[in-house]
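Listed below are the structures to be examined.
Each of the two complexes below includes chain A, the first together with chain B, the second together with chain C.
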Partner chain A sequence: MSTPVATQSPPTPSSPDGPVRVERSLGARVLGRPEIGAFAAAVVIFVFFFVIAPPFRTPEALSTILYSASTIGIVALGVALLMIGGEFDLSSGVAVTTSALASAMLSYQLSLNVWVGVIVSLVISLAIGALNGWLLVKTKLPSFLITLSTFFVLQGVNLGVTKLVTGTVATTNINQLDGFASARTIFAGDIPLGFMTLKASVIWWLVFVAVATWILLRTRTGNWIFAVGGNQDSARAVGVPVAKVKIGLFMGVAFMAWFLGQHLLMNFSTVQAGLGVGNELIYIVAAVVGGALLTGGFGSAIGAAIGAFIFGMTTQGIVYAGWDPNWFKTFLGVMLLLAVLVNLYIKNSASKRK
Partner chain B sequence: MTDTIAEHASHDLTAGTPLVAMSGVGKTYGAIRALEGVDLTVRAGEVTCVLGDNGAGKSTLIKIMSGLHPHSEGTLTVDGGEVRFGSPRESLDRGIATVYQDLAVVSLMEVWRNFFLGSELRRGNFPLAPLDIGKMREIADAELKKMGIHVKDINQPIGTLSGGQRQCVAIARAVYFGARVLILDEPTAALGVKQSGVVLKYTAAARDAGLGVVFITHNPHHAYMVGDHFIILKLGRRVLDRTRAEVSLEELTAEMAGGQELAELSHELQR
Partner chain C sequence: MLAVAAAAAVALTFTACSSQGGAQNQGQATSQRFTIAMITHEAPGDSFWDKIRAGAQQAATELNVDLKYSNNNDGGQQATLVQNAIDSKVNGIAVTLSYPDQVGPVALKAAQAGIPVVGFNQGIDNYTKYGLKMYFGSDETLAGQSAGQRLTQLNPGGKALCVIQEQGSVALETRCAGVKQAYANTENLQVNGTDLPSVQQTIQAKLQQDPTITDVVTLGAPVALAAMQAKQAAASQAKIVTFDLNADVAKAIQSDQIAFSVDQQPYVQGYMAVQALWLNLSNGNDLGGGKPVLTGPSFVDASNIGPITQYAEKNTR
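Coming up: the complex of A and B.
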């Protein structure tokens, strides 16, 4: 028992003492990535619209597509991380509106600096996220039910409170308030690049994707997110703080919803209280198309970004091609079905014995 | 293989020292009594086998030791001090590591990520400090190789390994992180003959390195190959408690198969 068990390892000339392992081929590793299906689909769709719709080929069109993608992608990113952690959030669409309304009404009604509204709205948003997570951890109910309740509660609160405060279903224009100009520059400014002009939200979106990717793959927190989604009981048994991770993920979605809410507010300087219903499903679809498994434990931040980019391309591409925009929803359904099939195939081949 | 385990095992372990002791431990889930009045001592350098049929209370027993559920009566002492674990982390911090039959690993995560899950190496101690991925890969790779666990690629998802290999990775992980007491929950239940043999070898190696091993199984043959002390549970109660010298494999098998009840049944069924 004192000598190592003979394992018949193939010799490696370069490092005779080093570990002897067989590297999987580059092809196998690339095909095992969660975002590969989305990437292929994005290329096909891009080429398709590039060929059939001449206006699609201009830099201005690319700028519009990226902007459209960023408004989906920012929250979809938080949703993707939550889904990798094994949970859903159906309240993310209306939470965006809640954050914008809170910020707009606070600063207008109390005649405060816009930034005060922005910060208080952040606190409210994070509290909603924390409440979702806390309820989930405490009751152990499916996140579907908990966030469905939050969805209805927020939808009602958005309309009810706005009507009580302003008498209408939209907030008063806030563009005359102190701090609006600086807040607009940060959340919704235009960034001239010479050949095209980008919205600040696009830049923020790309920064968030980079940060999320780094968290997922390079930090302990990321390791825990995958573990909690992949096998909650195993994770708990080796000492991962499952409850904290889940609450944190819900707060992450809430942060992203807050950011998009502030962007919309600064971009249009007023918000409709009924906005956002239905968007939660688009965020989920973008995450799933980007390779996130509905059952958790697998997915990527870049995938969710590609998923959002696909939807940005399609919403704009349909317009550029001169078609009826109503077809977008049909496209959404087809993409979701294809994505689920591709994900299933990848999951099966990744967990199969080789 | 033994050398590897001995290298990481705590040096204060002397064979025969009681590490974990249970006295009159019981557990109720609402109106259901899952475990009642169990006495058990886990000693360094010994394998304590806990046998029992489904529903005998084996899982409840290990859940108490590993901190998943606190006990509701009796006393649990670790290294002479009374404890009551509120979370698996507390139990791990006292050097008690559990390798579960079904929830040993996260199958979609890479081998090295599984090896270090919950005890990741980081370059710094601030929130979101980067992981030391290179070093973790290297250590996981070297540890597995030293123990003779041959995986194709340390970066492959652990779900692509065989059941026996997954158990061995989990055991290697527990030993590497300085476990003093190793609880193995039905490690051979889902395995073939050859793979069971490999797992039993690691169990023996862990014992020889001075760890206290709790081996949960319903297979008396596997238990008798490595065990020093045998406890049989039935409906939450201890029905047999003997050392290896006091019991034969035949007695153990008969007791596990139902003992007196089986004899009566066979008498009834006689034509």
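Coming up: the complex of A and C.
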């Protein structure tokens, strides 16, 4: 898959005077985008629920779905970039909880302003991401193994440290602390739009997607990410700083996990230490449904966003349709399989056209 | 198979010698320090279990008992932990029977080896089958029914949404079934309890989908808090009631955001399990007259929340 990537990647800014663009028809270019399959699947699923579930048609429902998509999509975005760079992160689900716990416990136990906890927790999260990346670069072990270890370590640390500090496995409510109100507005506020109320996380999610898209398609770093994921050795041979890119990508996931962790904390003002386990797979699924390849070198930020949207739409759509809750997971599985199949079908027919 | 055979062989070996040990224990002075193993199906990270442990630890400290706590949320693994307790020749075992088919037979083995075993928290329907002497816990059906009856007073002719946060959990399904028996128009909703934002979103979606819902019944304290957020976001007028307590739920009851809580008193479950074992070991007592000792349902609402708020903050309610 690394050959089509070369043609899809935008010209490198390092050669500003007239890069040679491979001219293709608009149709072929659109169909060659990683997220086109996911987009088609999203449309199909949207129409499906729109027809069978009347409550699904309301703006309130759209707001709930977008919120649902944003809480998956924020971390899935970081994970998608990492997967384009050819690596996995299984620790992202519990890393979210780690960041929320660190922030809550620091500010409460030391009676600090909430924002101090938020900032220190960012440092801790980035350090965990950097450690993941550094271990990977140093040991050259598969990221699956490294991050699986981090996953277990963090799970234990989350429980152990919380129990040690608070005496229970949940943090104390922080909503009386200074700075909580402003932190809540930033991370988990409600934005009234007149016809619907959006959660702040939705706006942040869209901003992050835009920034990630810009990085991937318009900067040298973006080219490096594709190159590292496509063929690491060739990338190194042409002077791409492979180690830096990989560590940076892990820190990107950590940043997203930190953000979602702060959202979780500000939304509920307390966190249970056992949360987050299992979410790492949902993030990976969202990225894959959105067109990221498990082998690296291919994918997009918008794709991951659409993947998360499909996930949010399906999860909530089942509720709006009023289906038997016992079959919930089965419906979800079938929907995701369909999304991936549509994705695959479109991608195959697209590559035949070229 | 080899492991099972080996375990059985080990257990058989102990069947003979431990029953003598049990008899010897009773003959000795009551100031003796007993070792009691408490083995639960706790999935790590749920504050509910902190209270069970806090209660058990309190009893252990008061009675000079060496308490060995262990847990695994997998039936087979929990059975292995019970076997470990038998192998390390503890004086008594307190066990939760959330997975009766897996854990029950090993508990029976312990009982046959002369180790007194009591059940708590889960297993009210089948603890006698596996040789458990006593049981301390809530009757989930009764708890559900009482909650349902209260709802008929709160919102006569309304519709309840019963939120199940763990798919396939017998205890949670039983609670909702109990609610439905007393409050016929009750619908279940499945949510992913390990992901609180998703719990909130799913309840929110359901409240939007069905505006006739007048009550939301949650089966755990953190879920109740998520339901409060969902109610606000969906601009719903539904009343929220919950099972279990924590400091935040206590506050919400005080401020009337949650109508009432059905408390199964986990602290008491842990405390009584250890104390009853100690009484049995040191004085040959048993509690309950062959019937389960009920620690719930105990109702907490605006009328009695006053002092309970402090206890919830201390992690004992």
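Structure notes:
One rule holds in what follows: the second predicted complex is superposed on the first by the 301 of 354 C-alpha atoms of A that agree within 3 Å, B and C clash if a C-alpha of one lies under 4 Å from a C-alpha of the other, contacts with A are read in each partner's own complex, and residues count from 1 in each chain.
Keep this in mind: a residue touches a chain if its C-beta (ideal position, glycine included) is under 8 Å from a C-beta of that chain, and two chains touch if they have at least 3 such contacts.
Only a predicted model underlies this, so the values are computations on that prediction, with no experimental measurement involved.
Looking at the shared chain after the overlay, A:297 reaches chain B, while chain C stays out of its contact range.
By the document's definition of touching, of the two partners only chain C reaches A:58; chain B does not.
Once the two complexes are overlaid on the shared chain, A:33 sits clear of chain B and of chain C alike. In the superposition on chain A, contact is made by A:221 with chain B only, not with chain C.
Within the superposed three-chain model, A:244 lies out of touch with both chain B and chain C [touch as defined at top].
Taken together, the two structures place no residue of chain A in contact with chain B in one case and with chain C in the other. On the chain C side of its complex with chain A, the touching residues are 43-47, 49-50, 164, 167, 188-190, 194-198, 200-202, 204-206, 208-210, 222, 225-226, 229, 233-234, 246-248, 251, 315. Those residues of chain B that touch chain A in the shared complex are 1-3, 66, 68, 87-89, 92, 98, 100, 103-109, 113, 116-120, 122, 127-131, 133, 138, 141-142, 145-146, 148, 150-157, 159-162, 201, 204-205, 208.
Chain A meets chain C in the complex at residues 53, 55, 58, 60-61, 64-65, 67-68, 71, 155, 158-159, 163, 167-170, 172-173, 190, 197, 263-264, 267-270, 272-279, 312, 315-316, 319-320, 322, 325-326, 328-329. Across the interface of their complex, chain B is touched by residues 1-2, 4-7, 9, 19-24, 29, 32, 215, 218-221, 223, 226-227, 230-231, 233-241, 297-298, 347, 350-354 of chain A.
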